[in-house]
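The chains carry the letters A, B and C, assigned in the order they are written, with residues numbered from 1 in each.
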Amino acid sequence: MIYWIELVAVAGCAVSGVLAAAGKKVDLFGVMVLAVVTAFGGGTLRDLMLGETPVFWIRDPNYLYAALGTAVFTFFAARQFPFPAKVLQIADAAGLALFTIIGARKALVAATALGQPIAPLIVVTMGVVTGVAGGAMRDALTGEIPLVFRREIYLYATAATVGALLFTWLRSRGWDDARAGATGSAAILILRLAAIRWKLSLPIFRRHDE
Amino acid sequence: MIYWIELVAVAGCAVSGVLAAAGKKVDLFGVMVLAVVTAFGGGTLRDLMLGETPVFWIRDPNYLYAALGTAVFTFFAARQFPFPAKVLQIADAAGLALFTIIGARKALVAATALGQPIAPLIVVTMGVVTGVAGGAMRDALTGEIPLVFRREIYLYATAATVGALLFTWLRSRGWDDARAGATGSAAILILRLAAIRWKLSLPIFRRHDE
Amino acid sequence: MIYWIELVAVAGCAVSGVLAAAGKKVDLFGVMVLAVVTAFGGGTLRDLMLGETPVFWIRDPNYLYAALGTAVFTFFAARQFPFPAKVLQIADAAGLALFTIIGARKALVAATALGQPIAPLIVVTMGVVTGVAGGAMRDALTGEIPLVFRREIYLYATAATVGALLFTWLRSRGWDDARAGATGSAAILILRLAAIRWKLSLPIFRRHDE
């Protein structure tokens, strides 16, 4: 079940990677790279830092098939049809919600395997890294200041943080994976969509003299 | 034998890293960093994702000597002599061909060591990552949209993909390392040089409304 | 003792990460990411390449508390007060000095654990990576050509290299960790501050025809 949700999240991120190439003279291969980096970047970084190697998509090629298939499909489909921005935002928010919780969950499991407790804040951080880093790498590769840092996208990483905190707290209170995960994911999804709807954002950094 | 080929490929990539610094006010140290990143970036990423640590250039310092020596030599030589673009393109294409096949081969060997079959598509991907990622990092560090994504360079990663596919297929048909590797490398080299000569490229990404 | 010095160095780097966000419309979360990347980027890369996983800040959450606490404090403090450039330069130079030596030391220890000698040049490289990579990642994320490559900052990575060489040489001559480390760190600090004061820099890369 989680496995199929994960493949869908991979496909959603792959689409956002492809569409980031618009207007940048990126060729078919570059589009596939952007799709893979967006979909796998966060989880790869998490696996590397936890020492869980070979990383997840090397152990199971279905992730790669899902990402590359989606990228090629989107490459040709986007020439024919407009992609409605609303559908995309929902898909992107769903991807953020799912990857963040999957990432936090893997950090909890890894903690058990290491025989060493991982601090809750680290679990949350691993969740946020998993949810957010792929998109940041996509932006860096296409020469943008990563969107995740900028006010214009409204609450994004913050939504991931709140959901990951909620998930970690519920798990520590004895909730099972499925219920805690669904609740955490729902929190991220709702907060993210509310942020888009009502333009909620964090204060930006300003120096004293600005 | 492979070892010496690898050192030559390292030197070739180091030269391309140094020359990417032209006009960017990069100092001698920065030039050395660019050389090392270009030469080691792909192989390091491959080793990390496969879990083969310490990474290859930590285990054998000769790689570092080759890269740094080449960088310092190029730094001073480029002030005195023009580097003919044609020689460079051939050196770069040779580096791409060698690193890609070396990367695919290491993924095949790692698969055996892990006691777990790695899917052929993953082997190909590891080859392409090894061949291409160093140059992409070089471009990101010098503030360019990575060349590997752009049409102007003609078939580049695509050539690597074709050669890696060929190598993986020949190995699965029972060819030995040396013959399959030489064939795969030759395919990359020929395809890449043909792409430059006849300006072959993949279609670029275009949205429906562009 | 080393542990407390390390936490102070983390805080110093976190401040420099936050201040790099000035004028870039980065929000509170982005500021926290920049602080963490600047403070942990070099050490994370070192741990990954040496195969020391989970990386240091996953095993001990105090690093994360120090970096995030400093980031939030600086975010609000910078709105109220000017940060004198001189204090910052000294803090940054101290961070460079401490992280470089800590990184070289970890590579020496890892070498012992691996039962395989790591070449002195690799130890020096690991020190420089630890000291310099976090700042380079910070610059890449904020869309700058990494400062470490550019002449305007005067000797920076070069100072780290000289100090790491000195530390590695003194250790090989039988000096203990504390004395060799203090001497290496002092050399970096003095060279870096002297470079700022007298505008010392390496020659920049120039092609024959420029």
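Methods note: a contact is a pair of C-beta atoms (placed from the backbone, for glycine too) under 8 Å apart; a residue touches a chain by one contact, two chains touch by 3 or more.
Computed from a predicted structure; not experimentally measured.
Participant: When you draw the chains as points and link the ones that touch, which shape shows up: line, ring, star, complete, or other?
Facilitator: The chain contacts form a complete graph, every chain touching every other.
Participant: Working from the CA atoms, figure out how many degrees chain A turns to land on chain C, in steps of 5.
Facilitator: With C-alpha atoms aligned, the rotation comes to 120 degrees.
Participant: Provide the C-alpha centroid distance between chain A and chain B, rounded to the nearest whole angstrom.
Facilitator: Whole-Å distance between the two chain centres: 29.
Participant: Multi-chain contacts only, two chains or more: what residues does chain C have there?
Facilitator: If we look for residues of chain C contacting two or more partner chains, we find 48, 53, 140, 143.
Participant: Report the residues of chain C in contact with chain B in the complex, numbered from low to high.
Facilitator: 48-51, 53, 110, 114, 116, 118-119, 121-122, 125-126, 136, 140, 143-146, 148-152, 157-158, 161, 201-210
Participant: Mind listing the chain C positions that touch chain A in their complex?
Facilitator: 18-19, 21-31, 33-34, 44, 48, 53-55, 57-59, 61, 64-65, 75, 78-83, 140-143
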